[in-house]
Amino acid sequence: MTSQTSPNSATTRADGRAVDELRPISITRGWSRNAEGSALIEFGNTRVLCTASLTEGVPRWLKGEGKGWVTAEYAMLPRATNTRSARESVKGKIGGRTHEISRLIGRSLRAVIDTEALGENTVVLDCDVLQADGGTRTAAITGAYVALAEAVAWAQREGIVDRKKSPLTDSVSAVSVGIIDGTPMLDLPYVEDVRAETDMNVVVTGSGSFVEVQGTAEGTPFDRDELNLLLDLALAGTSELATIQQQTLEESA
Amino acid sequence: MTSQTSPNSATTRADGRAVDELRPISITRGWSRNAEGSALIEFGNTRVLCTASLTEGVPRWLKGEGKGWVTAEYAMLPRATNTRSARESVKGKIGGRTHEISRLIGRSLRAVIDTEALGENTVVLDCDVLQADGGTRTAAITGAYVALAEAVAWAQREGIVDRKKSPLTDSVSAVSVGIIDGTPMLDLPYVEDVRAETDMNVVVTGSGSFVEVQGTAEGTPFDRDELNLLLDLALAGTSELATIQQQTLEESA
Amino acid sequence: MTSQTSPNSATTRADGRAVDELRPISITRGWSRNAEGSALIEFGNTRVLCTASLTEGVPRWLKGEGKGWVTAEYAMLPRATNTRSARESVKGKIGGRTHEISRLIGRSLRAVIDTEALGENTVVLDCDVLQADGGTRTAAITGAYVALAEAVAWAQREGIVDRKKSPLTDSVSAVSVGIIDGTPMLDLPYVEDVRAETDMNVVVTGSGSFVEVQGTAEGTPFDRDELNLLLDLALAGTSELATIQQQTLEESA
Amino acid sequence: MTSQTSPNSATTRADGRAVDELRPISITRGWSRNAEGSALIEFGNTRVLCTASLTEGVPRWLKGEGKGWVTAEYAMLPRATNTRSARESVKGKIGGRTHEISRLIGRSLRAVIDTEALGENTVVLDCDVLQADGGTRTAAITGAYVALAEAVAWAQREGIVDRKKSPLTDSVSAVSVGIIDGTPMLDLPYVEDVRAETDMNVVVTGSGSFVEVQGTAEGTPFDRDELNLLLDLALAGTSELATIQQQTLEESA
Amino acid sequence: MTSQTSPNSATTRADGRAVDELRPISITRGWSRNAEGSALIEFGNTRVLCTASLTEGVPRWLKGEGKGWVTAEYAMLPRATNTRSARESVKGKIGGRTHEISRLIGRSLRAVIDTEALGENTVVLDCDVLQADGGTRTAAITGAYVALAEAVAWAQREGIVDRKKSPLTDSVSAVSVGIIDGTPMLDLPYVEDVRAETDMNVVVTGSGSFVEVQGTAEGTPFDRDELNLLLDLALAGTSELATIQQQTLEESA
Amino acid sequence: MTSQTSPNSATTRADGRAVDELRPISITRGWSRNAEGSALIEFGNTRVLCTASLTEGVPRWLKGEGKGWVTAEYAMLPRATNTRSARESVKGKIGGRTHEISRLIGRSLRAVIDTEALGENTVVLDCDVLQADGGTRTAAITGAYVALAEAVAWAQREGIVDRKKSPLTDSVSAVSVGIIDGTPMLDLPYVEDVRAETDMNVVVTGSGSFVEVQGTAEGTPFDRDELNLLLDLALAGTSELATIQQQTLEESA
């Protein structure tokens, strides 16, 4: 009897992975001593430090409504990439890409927060890319959830947030998918990302619903069948990530 | 015998439209005398002035490659909205939303441009919202295509671009769709947009392929069936828009 | 017997006007649905959208004095001009010319407002040049008056401002005059403006007093006789503009 | 026989001056060792340090045309005024007033420069207000002319500019005039300036022609007779200033 | 009997000074009429205008603690130097050097202030370099002390600060020292400063203790003996400066 | 007979160290895959990621002189500290402290570089504080040297820099010292740093010469004896650090 591989599995990726296989994922909880929650997350060589800063009080425009606020900021160290980029602090302004990703992370995490249960508290999620190799925004969302969960648990222990009612309504993770040379693939490192005809970032809750679907044709526009294949890969990938998140949070910090 | 309406048609929208009906669309070509191409586009009360500035030469990083460049900038007049917003020029920086939409418009138009056929020429698409009532970014993309087509035709008449080979590979238009009280609807004005549980912007070529799909759960995450219904509405809407674009461009300017 | 024309009238202007003749003036009230007052004003091909945003309350430094505040902001769309200019929001700062004109418009409108009768309310006049062909600042002042008058009437109808005592003490309009090839001329389009030896902007009340006189020798300094001829032209031009403003405001919006 | 004073002279000004009398004027040439030209000018307590920096070469947009360039920058030390103002460098942007005055000074000095005779050289005039008591912009123009004349003489001695053909076509000075309690007055200090109903800055060449007339109604609009009285005062004042400038420049530096 | 000079005195400095000799020092109190305290200080050709602005109240973060605040801002006029520098206000940001020196001046003056005796009052020290020839930061500190002492005396006369308990605990002055061609020297003008292998700024109280020691090897690192020789020179120099400060403050302003 | 400890050693520090004892030091080479050189350095809980980016070419002002350039940028992640700080990129400008430390790091590393041997190449040292507990600038200098040495070795292997002549003339490290409750102590963590009366940062070469001495009296000014004790501690501490640097660089990366 001969072993068989699926056509997909036979596709050669530079790092030897199958097309539906995640890179090695590592999440280190509590990497930062000073923050209420933190996680160093790695998707292969992509390495993002996520911290959650939970403080009492909310921005002025939200005061007195009995609701909390969750927001995020994303940034890259200047030499996270292969060639050094100028610091946005030195340039004196935030670029469009940074803004866009910060907003995406914030929306993604707010999708799994019950702001009333959070009470009038604010969580700022800082996602700083220490090393970049593709998929930094999806790694950031996935790591930020762990940091947020740590911070929420801390606030419950401290009595800042009600111990009986968690403001977390679900977990959330994200992954990139794309079409390379006509083949849909999961979790693209930089070398694949630059070659992708279509690039999609998908944010999914632990229970499998979509929070965000962002697909972009970098080259040829994509059709509905391709869209469906990409969504299949993304749902499988985020399901694995949700399991890893849960395992990480079940370990003692 | 009783007349029957489809369940969708029965849904009451504030402006009396069916759920799968676009707002009245108007495109005025050549609204601006000074630009190489221009269009004033209206989706109901949303009114966007799109100009295309075509100049010879490309940015430094693209020189000598025989390719052109298309980029876009989006902005809103301070009193386009119901309450006045501070000017970004006065605040001294572009906000995240502005950046994000400018980038989206640029990507959408580049998807239908053959940059080699464009030659070493640059087109800047300026989309300024004169009046806002929801769907400004999708109106901007739809109008920008008309302005771009005018500018390309001008460049061909002037001999700046080869008369025999148009750099336009297809047309492109965009529309917003969303789920309101559980019902998927097409082309949301402001009053619907703020109530949508899920909000999606879809950019589609004239031949019906996707350039960009951006779906966001503002409230409850959405499932795959809902995603499919939204895509159905968007494809029907953009198909109508493509027809209107073509008719506009066939009229003498 | 032959008819005679004055030497001035014989002067050939590119657009066929007499030296003391305004370009075709058009004012469209209520162009913007969202603002408390608005006017799209055209001086020939110069086209400026003026909106008046009236809100209750005044800036902090004026609180508790029982007086209102009127201020203005002027800007140009990037492709209002023949060649595209970079956006000031993208450059991250307002240029000197923009600042100067914004201040001029604000002073001009404040000259016809009784701030006590306005009460502790603020009006921001936004003047955005959609198409530029010389005289944008004087068109902006003339249009801003109409937008302001609309906003004041609205506030009186709403009971925000006393219905019996209008805060408008007079009307105000403005026009440019200049000396071209030694001949004083009224209302300069771009092609004349760039050739003018002396350029003057004059802001005049409906009752014929000066609010602002700004004369600049671009080439040869000017003498007192020339100054007097320019003022004669300006007073005649603003008198006509005041009549057009009044007619516009008497029409139902 | 009794001495008589004109009605004007009888008007009481806080500092005892007649209405047509300048404050004590002092110009110290060569106050700064490092600049090619410099002057510390005082109009009463107003004290402005003017330096002229002359360098070979012109801005890129003027290259190869055989013409020079003259520009100016105006600023105030933070504690030049009665209460400290924040530095514009700390605020991160130039205010509208600073921009406007810098542009006025530049235009005024360019009016007396033959840019072809200047050759491809650039002069930057820096006017820094060390102490402010009204009339800083007119003092700046008057002092900047002396600094410019010094720099031009230096460039002629150095052979950078042709010794036989001075690029200076005339001198230029400026003064403020205004109407206070209905009386036109010359050279307003701060206490008069804040009370003026009309405020006018007039820039005049040594030969008595106007370079710039900027009159603003701060309160009641002004009529043509008032305008004429103000211009009379300004012409007399600038004539005196031209004499003082000439005397200063005839002294050995 | 033969006269003897020390080896040091024999060293030829460009301006003929001995290695341990200060440049001519001049301090003019009350140079600015508008500030609560002011001094124009000259170290040879270096000329710095120091003003002290004393206002009631403290920054928000210090409110209610019964303590005052002293801070400083340093800047250079664009043509203080041999070649013109762009204004930081025009560049839109403060450079690193400016920041660093402003902070140094603030710390130095705070070292001799009893903030409780100052009460809830704020002093801003503005040090603007009108002419630069080396040692501008040390001249600024030395002059700022005189301006601060004047402002404190004014506040005591006005009853804003307790007349019986001066908030000044000591005086403070500063000087630069450096090693040139192996020889330690006091008070470096620009021509020496650029050649110094080691450059040190030393801030010393009137009673001879160190407030700040900032030594930098510009070329070869320095050893402990050299450090000690430099400190000897600095202590002698600041002792002389303290005497001049005291004499200046004893004169009637 | 009983053993004796010096009075110093008996002093109780919160972390149990002797007054002349460094915190645990850890240097991880090559922490970042993408940079030419990198080191993650830890002084106790202070953790700084240092990368060296070596590129061919130099800034414009240095071109053609056959010399290289070394510069540095320091920054802190927003949640490196106990309470979150706003990002400087979001604030739109670099603060004074950041500027000052970046300049210090750059000067310190340039002190041990022979720029001629470096050739026309540029090294940018990025020092990003991931976790802060006092002494971040001295840890940054110490770690940056290791990153620089790695990058230089890489450039020699690549033939970009001459293999026979290293541009590194010495090593360099830095440490903080301070006086707490009258006792001089080495290597202050945050809890000691805030209490220090005098705070000093000392940068020393591997051969024991000073590159930089920056001592500041935060409270009482310090005398010469105290200065000497602090320098003794610093020289001992940097000697240890030099040994650790050397050991790290001798390990295979």
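Chains here go by letter, A, B, C, D, E and F, matching the order in which they are written, and residues are numbered from 1 within each.
By definition in this document, contacts are C-beta pairs under 8 Å (C-beta built on N, C-alpha and C of every residue); 3 or more make two chains touch, one makes a residue touch a chain.
Molecules present, by chain and UniProt name: A, B, C, D, E, F = Ribonuclease PH.
Source: prediction; values computed, not measured.
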**OP:** Trace the shortest sequence of touching chains from subunit C to subunit F and report its length in steps.
**Re:** 3
**OP:** Spell out the chains that contact subunit B while also contacting subunit E.
**Re:** none
Original post:
Hey, which chain ends up farthest from subunit D, C-alpha centres compared?
Top reply: A
**OP:** Would you mind checking which chain's C-alpha centre is most distant from the centre of subunit E?
**Re:** B
**OP:** Provide the C-alpha centroid distance between subunit D and subunit F, rounded to the nearest whole angstrom.
**Re:** 52
Subject >> Between subunit A and subunit B, centroid-to-centroid distance (C-alpha), Å >> reply: 29
**OP:** Quick one: which residues in subunit C touch 2 or more of the other chains?
**Re:** 92-94
**OP:** Between the chains shown, work out who touches whom and classify the graph as line, ring, star, complete or other.
**Re:** ring
Subject >> Sequence of touching chains round the ring, subunit E onward through subunit F >> reply: E, F, A, B, C, D
Original post:
Can you name the residues of subunit B that touch subunit A in the complex?
Top reply: 93-97, 99-100, 102-103, 107, 111, 170, 204-205, 209-217, 220-224, 227, 231
Subject >> Complex interface listing, subunit E residues touching subunit D >> reply: 32-35, 38, 45, 49, 51, 53, 55, 73, 75, 77-84, 87-94, 98, 124, 126, 128, 130-132
